[in-house]
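The same chain A turns up in both complexes below, where it pairs with chain B and then with chain C.
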Partner chain A sequence: MKTLLIKSVLIAIVFAIGFSSEVFSQSLTGKQIVEKAYNRSTGDDQTSDLTMTLINKNGAQRVRKIKQFTKDLGEVEKSIMFFLSPADVKNTSFMSWSYDSDQSDDQWIYLPALKKIKRISSDSKNDYFMGSDFTYDDLGDRKLEDDTHKLLREETIDGKACYVVESVSKDKDYMYSKTITWIIKDNFIGNKKEFYDEDEELLKVLTIKKYEEISGFWIITNSEMKNVQKNHKTTIVLNNVQINTGISASKFTERIMMRGL
Partner chain B sequence: MEKLLKKLLNAPWVIVAVIIIISALFFMQMKQNSRMETDLDKYMPQDHPAFVYSDKAEEWFGINDGIIVAIENQKGIFNSATLDTLKQLTKRLQKMDEIEKTDVTSLYTADNIIGTEDGMDVKAFYKRVPESVEKLNDLKRNVENNEMIFGRLVSLDKTVTVIIAEIRDDVFTQEFYEEILSLAASYETEDIKIHVAGRPIVEGTMALLGPADMKKMVPIVLLVITLVLFITLRSIKSTLLTMTVVFFSVVWTFGLMATVNIPIYAVSTMIPVMLIAIGVADGIHLYSHLQLFLRKTPDASKKEATLDMLQHMWKPVVMTSITTAVGFISLLTSQVYPIKYFGIFTAFGVLMAMIFSLVLIPAGIMIFGLPKVKKSKSNETNKETNLAYGFAAKVLKRKSVSIFATTAIIILSIVGMQKIWINSSFLDKFEKDSEIALTDKFINDHFGGTTTLNLILDSEGEKDIFKNPDVLKLVEKMQNKVENDLQVVGNSFTLTDYVNRMNKVMNADKVEFNTIPDSRDMIAQYLLLYEMSGDPENLNKVVDYDYAKLNVTFQLKSDNSKAINSAIAKIDPYKDDFEKHGITLNFAGSGYKGLVFTDLILEGQIMSLILSLIIVIVLLSLMFKNYKLGLIGAVPITITALISFGIMGFLNIPLNTTTALLSSIAIGIGIDYAVHFIEQYRINASKSDDKLSVAQKTMAHSGRAISFNAIVVIAGFMVLIFSVFPPNRELGALVSLNMFTSFVGTVTIMLVLTYNSNVYFKKKNNNASNN
Partner chain C sequence: MKINRLILILLLVTGQYSMAQNPDISGFVRNYTGALYDNGDFSILQNTLNLDLTKSGDKIALKANPILYHYNADSLDLRLRELYVDLYFKNFDLRIGKQQVVWGKADGVFITDVVSPLNLTEFLLPDFDEIRTGVNAVKFDYYLGNNTFEVIWLPNFTPTEKPGASSIWYIQPEFLITPTFDWSRAEVKPCLENSEMFIKYSTLTSKIDFELMGGYTWDDYPAMHIYKQVDMSSGSPVLTGLNITPEHHRLYLGGGSFSTEIKGIVLRGEAAYYTGKYFQTEDPLAIDALVEKDYLHYLVGLDFSIKDIKFSTQLIQEAITAYDEYILKEEMGTTMTLLARYDLLRETLHLELFSYIGLTNEDALIRPKITYDFDDSFSILVGSNIFIGDNEGRFGQYKNNSMGYVKLKYSF
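And now, the complex of A and B:
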């Protein structure tokens, strides 16, 4: 388990945009495109209602509703999440502090039935976020320098002009041999991404179903990750997104975790 | 019919040419289209409720059989060399095409979730192989403290650790097995031994070994049969022509199978066995008649001799073949497709053997000439005849001996049959000292067991029932009961183990918290935590998405039916308790399917035995136009079947798919003897009123041929007793036994009964008086 942070939004997933207004006359390199996507700003803090739906190959669903708060404090990004449903896990909360440096994330969990806060430490890199099809890396923990990026081509999908960039992992043991991302030219939002496993076979497909401009920032509010090998998928939908409301840094404490919403 | 056969005599070359051309075509089909079916799931009727449920459960929980690779180091496994071997082997297995990466489990891939004073720690046991004593000790301590690993992936004496690689049913091939074996062997050192076991290996090897052994043994069987056939018929020409009939009938049968695109199943390898045993009979009876005719009329031309042979013998040959074929067709009542196919194709082969015997053998005689009958042998003829006459006289003089002996044997057999047990085990089919059996025993000695039985608790859609502490406690109680009461159950595994573990972890790893908590919310929150911190795939293997279905895996140290049934019997009393929660008990997995499958085969087998017996009686009654003879004709086969089952009971040979099918052979062959004998008796009775002389003549004619037939086939099948594959040995011994009892039954008790029934004499007397 890595960062419990669903970075602001699924910014995550996301490869944020630099400034959409920026138009380059000369063509960008693959690395520059990805950099712009990664550095796309999504605000300093964010509050949202997150609905995560896991759907297995038989069509059975697990739906979880979560209230989440995130704040970028420069060197550290903090997030806190409260489970709203299902009822039997209501008020279970998670807090995560993830650092820009190489320091590993700090994580805490509060189980209301146990009435105790526990620190969680994990050394696993490729962990899936909350049993979903997203790994923490997919949700934005991936660093630009971890891959070699190459612009394959430019093409239009879903009526949007995109750069198609291939990113090959420098670490041979990484769970993805490569990813291919369709990045929208206008705003540097990743529109679609394919993940290839160690044997270079297609493993997962991420599809961005909706992104909205909220308080001047482009926020992805509906995305779906499908594991094509296991025929399992996860959708994440954000509602009531509020940006830069000035969440206090003191929100991210054990006391708040226990108190609940 | 007779006319047609006679006409065909004029064109022997045409017949031979036509048969050879068609055979060549079938042979080409065989070469191109024949394929073996080794996936045992394909054998099972897909629409049977037990299989339907089991298949669904396998789908829900990803239940697959695992290959077990055990790494043994007598000095203990917690040293760098052994741990490195474990890591390398795990990685190599993960990279194999036949194995999904995530389906490989070992200490190297497992997560160690441990509790600390202030939190929880999720770690791999090791990624880099630990070198220092300190780190090795840490690892050892971690393993010892994790009840989900200790005793499951690492043996309690710490000398063995296992890698489990789950594979789909259909990927096993000989090459794959050899690849794994050579991979394992390549990592062996002086200290480190590597063993490979698991049901896919056992099943796969069995599916390959049986037919492979047959392939080796059948030529030897054929050779011996040819040899003995030569000794009894004393003619190379006759021997070769008889064997040609068998050979062509086998080629046509398998050729047809390939043409209609039906794969060769394990049971299909019994078809040549059946056709050899049955196919030689026609030839023997034809030649035996021919010899006797030539002895009486040495100057007959080949055409005269052949005509006489056909005239006298075409009827019994047709009758025996049809009754035999019908006996096999009765296997269509089976629910198991490979057995249906076995029945149909064997019946086809039998009929082909009949046609070849009636067409090819006469054609052969026309082309190659009559077999030489040494005239100087008249002495021997007399000896033979005297022997037959004497034997018949003795049997009829001391009828009570036959009747008493038969009664005694029937009673004894029925007693023996009580002891018969059904065994669906695959392992029991291997020698006790074979590599596979020894490896299996080794792993069973160190771990829970190599055989799994899946209990599926199903609330029929009631969501979240398996978060209910009462239900989980009941599950745990049942697990403990079954594990403690039954030696053969090594351990069990399900959601309770995860909940216990999480409860302990969240309470600073204190042993007293290794229990199911009382609060339902607590359970739900632990499970959520596990999902987020452990591998959620693990949970999917024990519980479904809605927490409405639970998979409890029991590990058994034996795959035989007694072991599986004992576990089911222990689980059964909990039925009512679970029912109160609206939960039903179901079983799944390959071991359970094997059990149900064997029952199905036997059920079908018994059904078809009874059915074929009835059909045979009816057919015989029609053929001989007398119901009494129908009943009498069925006596030898009934005795044969009874003795066969009785002896299996006494010798503790379990009923399984191979041994159960043998009763078909009893009918197939036994009926031939009876039909030939009764038909000859009828012919003789029509010429004479002397009952004793009729019996004696029949004995000298049919009795002679039957004894040849029995000797030839028994000699051939005794060869299988030297097979390396125990089921094939059983097959050889039991076929020989069946031939022997059929033969003895026909020439003793059946003769006595026929004699006493007075059937043909009464009729004649009536006719005489009418006139």
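And now, the complex of A and C:
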């Protein structure tokens, strides 16, 4: 069984941002820009089919498919994922409860071969998710106060005017020395992000390929993370995204983890 | 038996429904070849076909899990690990049929996890998902929020499978003279009176997960009732006959388990208290050379990471209460387990070391292995099972069975 220590929800990749056509003044600070990117509204619940494709430097592909459900219950956001493929992780499920407070996430994994739900540590943010180029931290909801944010400049890429913000972790042991994010000025959606390693060399580049407005919310539905040092990459595509369908809270329980889809 | 008829009817009805709807098929094919370091003999030559057939609906689901083992000399062993029907209701579920039940928070140690018996024909070496055998049962689960109340009724007792006399895992008991075995009481007659019952309460919360359980069961290991014939004609006792009657006895047990996370470390614990367990004794006043004692089995474990290496360790103790010096088993036995795992090459290469370490007898089973995934379906595993330590120990007694092995597996 492959390691499946997963950090939180994948539906909102890194900086999927609530829509806003409002044009903000250029006097915004780096922190304010990132805050607007983080504080997006994503609805009360979401469902989607996720396809993750790992592509090595020779172009060979490995594909992982996941069905995921998320519900915001106020002070806690609960999510559950069901792994559909590859065969050796099929019917594995993962549940996460994330808190608005400083409380650590609660995470459990159900391993169908062992017929057992195991509590797993949420202290694995720097681990790579299922052998992909995304760490759990890349996929999770990094908190605004975890980094110091600085507006570097404004520039246009792919025809879109962007803020360019540098973020440096307050944790000296964090795996990235800094990240630089291009945030689209007119809707505060992240368009590109660069990750620098401990030696301040460029390690990875995240590119948003597509975002869509679904039920009034902007959702990134196609993204690519490329490791420029090792020349391999991972794409994540979301399909069948549904928002505010009224998912029951009972979906996020031991019963459903073991029962599956 | 009525219960089996009921299962059959349910499976036929749901099976027809299932076939019409194309069941979901998955499984694996595996070749497993192992050789002993001691003499180069093959310890195992096994091909396996595991099929997992499922059909799930909103109110009903069906599962069948046949597994076919092919050994050298073309011997086949077809097993039905699971064959059951799930019925889903608003607040409760029913599972009827042959099923595997896994309880507790321990890994590779069976404390409250006693509903499904074990297949120990290859000692503790099979994967943990293959070491349990299915049992005919009716399982009822009632849900209240994040709380689950579970009741399991097993109409008939299924004992743990042990290695046959020709197996390299068979340990020949030592007696002063050749005994005569009476197997007339070795089986537990399948009848209502002899059925087993288990209950469990479990919950997942934001702080801690825990389970409480109780069981009215049979001891998987039969007590050996020994009747000695002694000739006193020479003035001193001379053993002239030894009659042994294996017999399973009722066990009552209660216990629980928990797991919680503290600063990135998962702390686990599990304990069970057994009453009605028989132990072999040399007390001359004991009837059939047996004494009944209560028994405590418990564990504490930690799961944590250092850098990119994941560790899991457990300390396990077994203790006999109101112990006396005539009992052959030690008053207390202590064992540790250690697991270290490191994944690299984008999780295609996995290095793992798992060990049972017997602290009481200073012996161990050390299990290093390397797995490489050629792709998402095909993998190769190269491993070793190394037994070391005291010949009297649970692991040291198999010192001559240390082996290397290769597993090729295709999952679909």
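Just a few scattered comments:
We take it that the second predicted complex is superposed on the first by the 236 of 261 C-alpha atoms of A that agree within 3 Å, B and C clash if a C-alpha of one lies under 4 Å from a C-alpha of the other, contacts with A are read in each partner's own complex, and residues count from 1 in each chain.
Keep this in mind: a residue touches a chain if its C-beta (ideal position, glycine included) is under 8 Å from a C-beta of that chain, and two chains touch if they have at least 3 such contacts.
Computed from a prediction, not measured in an experiment: that's the story for all the values here.
Steric overlap between chain B and chain C is present once the structures are superposed on chain A. In the superposition on chain A, contact is made by A:D88 with both chain B and chain C. Legend: residue contacts after superposition of the two complexes on their common chain; A:K118 is shown touching both chain B and chain C.
When the two complexes are overlaid on their common chain A, residue A:R255 makes contact with chain C while staying clear of chain B. When the shared chain is aligned, no partner comes close enough to touch A:L144: not chain B, not chain C. Judged by the touch definition given at the top, the superposed model places A:N58 against chain B, while chain C stays out of reach.
Of the two partner chains placed by superposition, only chain B is touched by A:I109; chain C is not. Of the two partner chains, chain B is the only one that A:E198 touches; chain C does not reach it. If you count the residues of chain A touched by chain B and by chain C, you find the higher number for C. By the document's definition of touching, of the two partners only chain C reaches A:W97; chain B does not. Stretch 490-498 is the one of chain B that runs into chain C, the other listed stretches 346-354, 490-498 or 562-570 having no clashing C-alpha atoms. On chain A, the patch touched by chain B and the patch touched by chain C overlap at residues 54, 56, 62, 86, 88, 108, 113-114, 116, 118-124, 128, 130-131. Those residues of chain C lying in contact with chain A across their complex are 26, 28, 56, 61, 86, 88, 93, 100-102, 105, 127-129, 141, 143, 145-146, 148, 202-204, 206, 209, 259-261, 263-266, 303-305, 308, 310, 341, 343, 346-348, 350, 373, 375-377, 379, 411-412. Residues 59-60, 101, 111, 116, 118-124, 464, 467, 506, 517, 519-522, 524-526, 528-529, 531-533, 536, 539-540, 544-546 of chain B are the ones that touch chain A when the two sit in their complex.
If you check the complex, the residues on chain A that touch chain B are 1, 54, 56, 58, 60-62, 83, 86, 88-89, 92, 94, 108-109, 111-114, 116, 118-124, 128-131, 198.
Every residue of chain A that touches chain C in the complex is listed here, in rising order: 2-3, 54, 56, 62-63, 76, 85-88, 90, 97, 99, 103-104, 106, 108, 113-124, 127-128, 130-132, 232, 250, 253-255, 259-261.
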